[in-house]
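Scrolling down, you'll hit the structures one after another.
The following pair of complexes shares a single chain, subunit A, combined with subunit B in the former and subunit C in the latter.
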Partner chain A sequence: MGPKIPRAARLVAAVVAMGLAAACGGGSSAPAGTAASGDPAQPVTLTFWSWVPDIQKAVDAFNTAHPGIKVKLETITPGPDGGYAKMLAAVKAGNAPDVAQVGYDSLPSFLVNGALQDVTQYAKDDAAKFVDWQWQTGVFGDKVYAIPQASGPMGFYYRKDLFTKWGLEAPKTWDDFAAAAATIRKKDKSAYISTFAANQAPWMISLAQQAGQQWFRTEGDAWKVTIDNPDTRKMAAYWQKMLDDKLVKTEADMSNAWYKDLQTGSIVGWIGGSWGDAIIRGNAPGTSGKWAVAPMPQWAGAAQFTSASWGGGSASAILKGTKNPGPATDFAVWLNSAPESVNTLLSAGYGWPSVKDTSQITNLQKDDTVFPFYGGQNIWEVFKQADAAVATDWRWPPVSDALYSSLTDNAKAAVQGDGTLTDAFAKTQQAMVDQLKAKGLNVVTGG
Partner chain B sequence: MVNRWRPATVVVMALLLAAAVYFLLPVVWVLVAATKSTADLFGTFGLWSPHPQLGANLGRLFGDGLFGRWILNSFLYAGAGALAATVLSAGAGYAMAKFPFRGREALFNLVLAGVLVPSTVLALPTYLIFSQAGLTGSFWSVLLPSVVSPFGVYLARIHANAAIPDALLESARLDGAGEYRIFFSIGLKIMSPALVTIFLFQFIGIWNNYFLPLVMLSDQNLYPVTLGLALWNSQTFRNPAYFELTVTGAAVSALLLVITMASLQRFWRAGLTAGSVKG
Partner chain C sequence: MVVLVAPFFVAFALFFLAPIGYAIYQSFFKLTSSGLGLTEPVLEFAGLGNYVTALSQEAFVASIGRVLVFSLIEVPTMVVCALGLALLLDSARARFQPFFRVSFFLPYGVPGVIASLLWGFLYVPQTSPLIDVLAAMGLPHDFLGPDTILLSIANISTWQFAGYNMLVLIAGLQAIPRELYEAARVDGASELRIAWHVKIPLVRAPLILITVFTLIGTLQLVVEPLILKPLTTAINSDYTPNLAAYNQAFGQADVHLASAEATLIAIMAFVISFGFLRLVNRKGNRAW
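On to the complex of A and B.
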């Protein structure tokens, strides 16, 4: 692969960029495909690539309910572990699946690679079914390319028993969080309120997402990069002070040491995604009943409750080369919105559903495996509120991989004392500008 | 034997011991870890299992038959692929060593260049070619690229050159043996130490190849064990119970590979004809 991407791909990127800003209307020229979705005698066969555990059950349910469409699931390795490379190769070879699992953060790079199919004409009436910010992740320049599946809205998991013992309440603001962190250090020398996970770029990004100003957007045919902005700097300075005062640990999350600290009560809290409940339950079964979940702490003076989503989430994208974009869209919409499917996926731990109306999702109302672990609390109420409070104007760049590795490298250096976290975000800003330029895209910067 | 414990010997012994510990410790760790529950995996000391549950882990591992299938697939890909690669390499190496023909050196240099190209680089182009032929996603898509081994051809030629005396072939021809008979009954036998080496190298190479099956296969039932374990490992994020399965699976597959290698090693004999013609 050369440093320059092909002219066609650059054009696509430019079109995307223009469309995001200046809504160029309709005009989908995609061929209609075979619209034989309702004929049981000649069923349409679709291939679907995913790595979500137990998604076969949802696919089976779809096939039972839709005699005219037969979906064949093929389980592949997750996108970041090679799954995306496989999908892009398959698109290039002309034998891609009709529908594939693609993370929200990877959809822009798929689009720039020309790997997504415009399905606006089939999906335009489905927007109302989904939470707005999640729906927008599959929309580029008024055109729909992917149907949202699930996200990871953030909450604060904490050891309620220990907080109560130390006379603490769940922190409402970030100032409360810092004060609680200091109290915990005083009450128990071995305990910390949480770790600052410099290894975890999506986590740090979600902190920035909540802080206010977003990182990427499009202006004309250019990408505007504003990682080094006042809100992110405020957030970075806050965590730098937490590090300087030694109020948080600095070990990697989801590492052996971190799991052990969760078990022993050396780490008593975690700002984590909704799917994190399974991680705590599975790795620290001995602490059952002692945890609770509170909303993400807020910045002082925030006009309204704001949360964030860990690394976005993932979608069912319709890939270029499908002969049946209509049925493929029908399948993607059903998979991610039909209550029976969402219930199945939810119990497999796929994340927070993208559907707006969760009243039909029985597993969210009562969950006998989850709620008892959190002392009987209906923790899904917290995440429902959080998902509704995720910024809708967040955009991922077509270079998420580079963003993750750059941010992780810079933040790890800062944690080890080489510069500050504020510097780390400024360095990441520069790296992203260089990266986008190297892709042949126009870039503007600013605050 | 007075100076058996000279300082130099002690230092060498200590270094070797350290190296042995360095290489064996991860193996011991994974074997111990295979007997733990997910909670114990992170909560207890790495080299000791306070609540061993190997039986339960193995039961879950082989419970739905998928893991067993992956192991069998791995043996099939690696075994059949390495066998075919060995036979092809032996033929090509023998021909290049014993039959002068126009362009022989150029061809051999081309093979040498092939040794330098990592197989990962070739995976995507191979995928594109195979998809033209409609072979992707099949058993053959992993097996066919595995039967080619530039290193095997190189080794076979070098070994044939050194170990098979021309005089031996001449006398076989004088006795009226055809070229095929000479190759199969004399050449292959003399080259057998090299062939075992080629087989073992290729076996390990195919067994550990990750990227080729990753791009080629989409059906879990055709996965080799490496790909299957990677799939499980990625699901620990959502369902930590997969930690037990992944670790136990890794231990079992490593153990099987060790047993296989150990049992194949006895074919590694010294050259049969070393010094047998001229003395």
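On to the complex of A and C.
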């Protein structure tokens, strides 16, 4: 699927050459003897755990280009559904894979659990290849532990045909969004503009991320927790009103019910990550050509265009216990920066590339699998703008798994009428402070 | 003799005692970080700290209350269903008995996850033909709401296990000497009276057995809520004690707290099931 362009091929050749040069102590980015060279006769074998669809193609391309390294892909359950637990257990048992798929949100938890390998000496010169905020997600206290893969900048997917039929335009602000939601309810009593996905913590977090003040930051030797802040409360009150006015559905996103509603036009919009394209295409193929993507609606009075990234994004982390940290790092860097790999992953719906220079990523300009579904719109333009407008000072705490379950539990309760969404975020704040303290970490709170 | 039972004891120690012992051992420790938590954590002895943490979590205590309510609903339902089916099939006039016996037993062969998925499709409005019919008839049809979800779960477990429990009772019924029925009939007893005064008292032991099995099963409820969780806002990550332990171990990577919770669940199941046995055995006729 990945287009074979001569330029990309040359780049691959260059990477291989660099590896070979490293073995001779040549001017490579990695120290001698640690790089991807290996010995084609006795290749280094690496194990890689991931759940990204179609990533096998990128791994195959790597293996072809690097005779000295043989990467074996093992497909696992997505991290939040048990994949992370499996990784942490494997690290504990001493049989972890060399490289694994870990979300930006979970890297701090992995670090706290002692599951990440410091690869600073192999990767320190690769920083320039990646978008800075994404690179920083794998860096803790000047040490590199993971290579960024992709983010999930947010946009608004909507049924353009139905919006046009009802005389609506893509909402520019959240007020427009509420007005459009009301119009849709009037025009078609079975249709909703979207669902409020109380099951989806990263989604709710991205709404908060866009609203303004961030939730976690470090102050000296302590974590400062500010989930219950004015901006998040504003966002929570907005969605509470949407729920009270019954302008949104309350079913879980990415569930069978939700897919069915996408197919039948009962749900006509979704504020989702850039990889959400593959989800809609895959689950509502019958609606091809009827969709479009607009930027995430903005808060009134916002100084500049702001978006967010769903759950941050995803990285290739080098796990503790690997016997080959050098080749593992080289693989992770290649997987996430070599154009032929990035092109393949982009079409498979892995997210927004973490590489800084996207001029080689031809699929961003023209993608015959993706664009026709959106009536020919180049949806990547929208996400490119969104990715540049992600608040980059967002920090994930080392308890994001607890954050997710606490937030979904509290939001589900609010959706059922047990308290409000504003309460839900306040309760989550308290739960996170307790959780951090229970782990022995220093915590300060405040606005 | 020792040689003959050795394989059993080795397997018993390896696959039963060792994991339980390890879980209990793990429950006395905790991982502690310091400062920002960016350095490797230290494993510390926590004494009963994890047990205190578990029992002071409102959600965990609420989940225990929830499975107790669930037991109150599910145990009588199960016993009545299983006994009803067994008596119907045992009555001599039942035709196609082997066919029905197998049909009732079949759901037991369906793995719990699959059963929950199947019922999940029947509970979700967008995919359920059942809900369309109920709605058309004007009957209540919200299977996933906060007030109905426990009943929906009870329905799945009853569907799954009633047939199995029925087989246990049928085995008991078939062991009853036929002469007793003849004697009862000679005395003028109707089929209903035979069932009530002869059959049921004589399957007391298997009845108690299935009650205890169901009790333990309900206290350890986990698969159904885990599978239905994505479909409803009424199930949270601490919905049942087992689900809370699962969430601690696999969602939040805290095996120590999870081990403490698992140990508490085991103690609870032990106390309640043996308490029940003591209660029914008090009258001097030991069934177990």
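Note that the second predicted complex is superposed on the first by the 403 of 447 C-alpha atoms of A that agree within 3 Å, B and C clash if a C-alpha of one lies under 4 Å from a C-alpha of the other, contacts with A are read in each partner's own complex, and residues count from 1 in each chain.
Operating definition for what follows: a residue touches a chain if its C-beta (ideal position, glycine included) is under 8 Å from a C-beta of that chain, and two chains touch if they have at least 3 such contacts.
Since the structure is predicted, the reported quantities are computational estimates derived from the model, not experimental observations.
In the superposition on chain A, A:223 makes contact with subunit C only, while subunit B stays out of contact range. Of the two partner chains, subunit B and subunit C are each touched by A:85.
By the touch criterion defined above, A:179 reaches neither subunit B nor subunit C.
With both structures placed on the common chain, the touch criterion links A:433 to neither subunit B nor subunit C.
Looking at the shared chain after the overlay, A:279 reaches subunit B, while subunit C stays out of its contact range. Once the two complexes are laid over each other on the shared chain, residue contacts for A:441 go to subunit C alone; subunit B is not touched. Of the two partner chains placed by the overlay, only subunit B lies in contact with A:51; subunit C stays clear of it.
Of the two partner chains, both subunit B and subunit C are touched by A:260.
Subunit A uses residues 82, 85, 256, 260 to touch subunit B in one structure and subunit C in the other. Contact residues on subunit A toward subunit B in their complex (touch as defined above): 47, 49, 51-53, 74-78, 81-82, 85-86, 89-90, 92-95, 97, 254, 256, 259-260, 263-264, 275, 278-279, 281-286, 348-351.
Residues of subunit B that touch subunit A in their complex: 38-39, 41-43, 124, 127-128, 131-132, 136, 210-211, 214-215, 218-220, 227, 230-231, 234-235, 237-241, 243. The residues of subunit C lying in touch with subunit A in their complex are 31-38, 40-41, 53, 59, 121, 124-127, 146, 230-234, 236-238, 247, 249-253. Those residues of subunit A that touch subunit C in the shared complex are 80, 82, 84-85, 88, 108-109, 111-114, 140-141, 198-199, 218, 221-223, 250, 252, 255-257, 260-261, 266, 398-399, 401-402, 404-405, 408-409, 412-413, 415-416, 436, 438-442.
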